[in-house]
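Before anything else, here is the set of structures, which you'll find just below.
Below are two complexes that have chain A in common, paired first with chain B and then with chain C.
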Partner chain A sequence: MLLTEKQNDALSELINIAFARTAAALSSLSGHRVLLEAPTIDAYGIDELPDVIGNFMTEEVATVHQIFTGPVSGDALLLLNYHGAIMLTDSLCEHQRPSRRLDTSSQEALTEVGNILLNACLGVFGNLLKVHVSFSMPRLHLESLDQLLRSITIGSEELRYSVVVSTAFHVKESSVSGYLVIILGVSSLDRLLRAVEMWEEDQKG
Partner chain B sequence: MSDFSNLNSALADWLRESAPQGILTTDAYFVISGWNRWMEHHSGRSASSVIGLNLFDAFPELVASSFDRFYTDALNGQTTVLAHRFHKYFIKMPAKPEYLLNEMLQTARISPLVVGKKVRGTITSIEDVSERVVRERELDSARQDAEQANRAKDKFLAMLSHDLRTPLTAIMGWTKILRENSPPEEMRQKALERIRRNAEVQLQLIEQMVDVSRIAAGKFQLQTETIDVKDAIELALDAVQHVAEEKGVRLKRVLPAELKITVADPKRLQQVVWNLLSNAIKFTPKDGQVSITLSYEYDGFELRISDTGIGISQENIGSIFKPLWQVDDCLEGGLGLGLAIVQEVVTLHGGSIQVDSAGLGNGTTFAVKMPWAAKSVVSSG
Partner chain C sequence: MAKILVVDDSALSRRMLRSILESAAHNVIEAADGMIAIEKYFLEKPDVVLLDLIMRGMVGIEVLKKLRQMDPQVKVVVATADIQASTQMIVLEEGATSFVSKPFVSEQILIAVNSALEV
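Moving on to the complex of A and B:
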C-alpha cells in the first residue's frame, strides 16, 4: 500500500534473489527439490498487520523471529500456521508418518529453516544498503497471532511499518503458505526503500 | 559496576567449568580461543591440545560438512542454528551407550562473539539432544501403538456388533417362521436346530468377551480337577466334527489308546482344543485336512493341531496371540479373542504354546505342551 510500483518491482526482485538462495540451501539440506515463491509484496503500518495477516492465519501460528540491529534495525519473522509448519518440517525431514504436533526436534528444524530464510533476506538487504547488520539468535514462538504482534509492538514508541511478503514453500507434493514479515521503523524503511530504488536504477543503468 | 564485573567473571567460570553444553570460541581468524570442560569431556580433546589451533585444521570435518561458511557469516553478524534433524551432529562425539545411537545427536548455534559492539570472533554452543530424541522416538512409537490399538478397538466394535447381530437375525427369522406358519415337522426340527446353533454361537462370543475381561482384570481362574486327557480332547473333537463335515474338511485324529490322568480345568482344556480346532477348520479350504495328535511324555503331554489351510506369514506370526488380532481383510468372522484366551489358559496351567507355519498357503501347526498338573490357578492380569 505504501509502496510505489517501482519500489514494489525492485523489492520483488531482491526478495526473489534471497528466496532462490534459501531454496537452494533447503534443497541441499533436505535432499529434495525445494521451490520458494513470493507471490506478493506490500508494506503496511504495523497497526494494519493483524487485519492483513489475520485474514489468512486464524489459528495458532509458528513464528521464527530474529531481531536485527545496526544502522537499520527491526524484527524479521517467518510466520506459518501451525499445521503448515508441521507439514513443512515433515516434508523436509523425511518423516515416515504425518506428525500431529511440533515436537522439540521439529521446532529446532523449523527454526533452522526460518533462520536460513531470514538470514538470506536480511543479508541481501544488508548488502544492498552496504551496512553491517547484526542478528539475534532466532527464536521460535508458538502462540496466537495477536499475542505475537503484541509482544513485538509493545514498548515501541516509534512509528513502525512492515514489509509483508507472502511466501509459498513447495517440497515434494506439499505446498505450505506463510508470510515473511520485516518490521522496521519509519527511518529504516525510508532508508531501505531509497536504497532499493537506487539499486533498481543501477540495474537499468 | 564492580559487582557486575564480578558477575561476568563468575559467569565465565561457570560457562568454562559447569555449563551443561559445549562452548567453543574462536578469534576472527578462526583460531580456537575457548574450549570448555563439557567439550573436553565429550570430545576427548583437552583445552590445552586445541586452543591455539585453527578450528578447521583441528576439525576438517567442519569444512567437509560446509559448516565453515557459517563462521564467515558469523563474522558478518549472522547467527546460525544447526538442528540435529538435518545434520545429526556438529562435531562427532560418542553417545551414552544406553541410547543405542551411533553418535551423540547435537544441535548447535554459531554466533558472532561481540566485544564492545565489535565482532571479535565467533562463539559456538553445542547441545547434546540424544536423550530427548530417544524420548521423542519412544513417544512416537507409543503414539503409533495407541493409534493401532484404537483402530483395533474400532474394528473390534464393528465386528462385535456384526457378529452379535448375525446369529440374532437368524434366530429371529426362524422364530418368525415357527410362530406365523405351521411348518411341517421336518422344517420345524430344522428351525429349532438352527436356533440352537445360532444361540450357541452367540453364547461363545459372549463367553469369549467375559474371559478376556477376566484376563485383563486378573480374575481369570482355573477350576482344576483330576481328568482323563483323551476324554477332554475327544469332547472338543465331537463338538467340531459336524462343522468340519459341513465344510468338507477331513478331521484326522491320532490319539494314544492308553488313558492318562492329569490335573487340569476340564472346561478350559476343552476350550483350548475347541478353539484351535475351530480355527484350523475355519482357515482350511474344502477338501483340506486338519489333524490332531496327542502324545504322552515324561513331564506332561503334547497336543499338535496341524492344518493344510491358508498358513500365516512370517510378518504376522508374532502377533497372532494378541487380543483382537485378525488376519487382514479376514472374511471368516470372529472377534480375534480365541487365541489370546488359549494362550492365557495354557500359561495358567504352566504349559506353553507354539505356532509354526511355512508361510501363506502352507498350513499351520500349533503345539501345546501341558504339565501333568496345573501350576497356577489365577491369572496375573
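Moving on to the complex of A and C:
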C-alpha cells in the first residue's frame, strides 16, 4: 500500500481543497458551474506513466504543462478535450463564429487558462502547507501526450516511481471536460506527506 | 481617471484588464514583457502599474525592482495567478503597493487601483 489510511485521508482532504479552488477559478473563467470527481492518488512505475495518463483521455487533447519546484516539486498538467478547449477559448477571446481549430490567440488564451488553474491548485498546497512553490512558464502541448510524458520521465531525477494525483472535471452546460494531474517523485511525496501531517496537527489546534 | 500601465505576457489577461480599467474610464497602456514595461514607464509616466509575475524574459519581481530603482515612488499592483501568501509577502517586501490574484474580479482590480492612487 502506498499510503496509510490516515495519510490517504489527510492528503485527499488537501487535494480536495486544492482542486476545489481550481474548479472555482475555472467556473469564474467559463461562467458555468464545474463538476469535479473525487481525486485519485496512485503510484506507477516511471515507464507506465505515458500509458496511464494517455488513457485518461483517448480523444484529441490540449495539455498545459507547468513544472513546480520547492520543498515539493513535480509536474502539473491540465488536460482538456480539444473541442472543449476551442469552446472555452472562443468565449474568452470573444470570437464571433465558432472556431474549428485553436488559432494563435486561442492557444495563447488556453495557456493562460492553464496557468491560472494550475497555480490555483498548487498555490493552495503552498498556502496550507506553509511551503513556497515556484512555477515555470506554462507550456501548451497540442501534439501527442506520449511525447510530453516521456520527456517528463526522462528528465526526472526520480528513477523508479511517480505518484499521480488526478481528478476529472466537467463544465456544466458545455462540452468542456478534462483532467488535472499532478506528478510527483517518491521523495517529493514523502516531503508532502510530512507537511500534510504538520498541517493536520495545526488543524487540530 | 488615471493612466495605467498593464504588464503581462498574456494577451488575454491584458485584454481583460483593459476592459475592466476602461470601464472605469482609466487610460490603459500595455507592455507584453518586462523590458518594454520599463521603457514605457520611463516614457509614459503612468500613475499605476499592474504587473504580472511569471513572464518570459525578465520576471515580474525583477521588473518591480527595476521600476523601484527608477522611481522609488512607483505604485505597483501585482496581478498574478500565483495565489500563495508567501508570494504576496515577497512582492510587498519588494515594494509593491498591493496584490491581486487571477482570475480577475473587476471590483478587486478597481479597488486595488484606487487604493494605489490614494497612496
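Assume the second predicted complex is superposed on the first by the 114 of 205 C-alpha atoms of A that agree within 3 Å, B and C clash if a C-alpha of one lies under 4 Å from a C-alpha of the other, contacts with A are read in each partner's own complex, and residues count from 1 in each chain.
By definition in this document, a residue touches a chain if its C-beta (ideal position, glycine included) is under 8 Å from a C-beta of that chain, and two chains touch if they have at least 3 such contacts.
All figures in this text were calculated on a predicted structure; none of them were measured in a lab.
A.B. asks: After the chain A overlay, clash or fit between chain B and chain C?
C.D. replies: Aligned on chain A, chain B and chain C clash with each other.
A.B. asks: Does chain B (first) or chain C (second) touch A:115, or do both, or does neither?
C.D. replies: In the superposition, A:115 contacts both chain B and chain C.
A.B. asks: Thinking of the overlay built on chain A, is A:137 touched by chain B (first), by chain C (second), by both, or by neither?
C.D. replies: In the superposition, A:137 contacts both chain B and chain C.
A.B. asks: Of the partners chain B and chain C, which touch A:124 in the superposed model: first, second, both, neither?
C.D. replies: After superposing on A, A:124 lies in contact with chain C but is clear of chain B.
A.B. asks: On the A-aligned overlay, A:100 touches which partner chain: chain B = first, chain C = second, or both, or neither?
C.D. replies: First partner only, chain B.
A.B. asks: Would you find which stretch of chain B runs into chain C in the superposed arrangement, from 6-14, 78-86 or 258-266?
C.D. replies: It is 78-86; the other listed stretches have no clashes.
A.B. asks: Both chain B and chain C contact which residues of chain A?
C.D. replies: Common to the two interfaces on chain A: residues 29, 92-93, 105, 108-109, 111-112, 115, 119, 123, 126, 132-133, 135, 137-138.
A.B. asks: With touch defined as at the start, can you tell me which chain A residues reach chain B in the complex?
C.D. replies: Touching chain B: residues 29-30, 66, 70, 89, 92-93, 97, 100, 103-106, 108-109, 111-112, 115, 119, 123, 126, 132-138 of chain A.
A.B. asks: Applying the document's contact rule, which stretches of chain C touch chain A when the two form their complex?
C.D. replies: 10-13, 54-56, 80-87, 102-103, 105
A.B. asks: Can you list the residues on chain A that touch chain C in the complex?
C.D. replies: Its residues touching chain C are 21, 25, 28-29, 92-93, 105, 108-109, 111-113, 115-116, 119-120, 123-124, 126-127, 130-133, 135, 137-138.
A.B. asks: Please give the residue numbers of chain B that touch chain A in the complex, ascending.
C.D. replies: So the residues of chain B in touch with chain A come to 73, 76-86, 107, 109, 111-112, 114, 119, 129, 132-133, 136, 139-140, 143-144.
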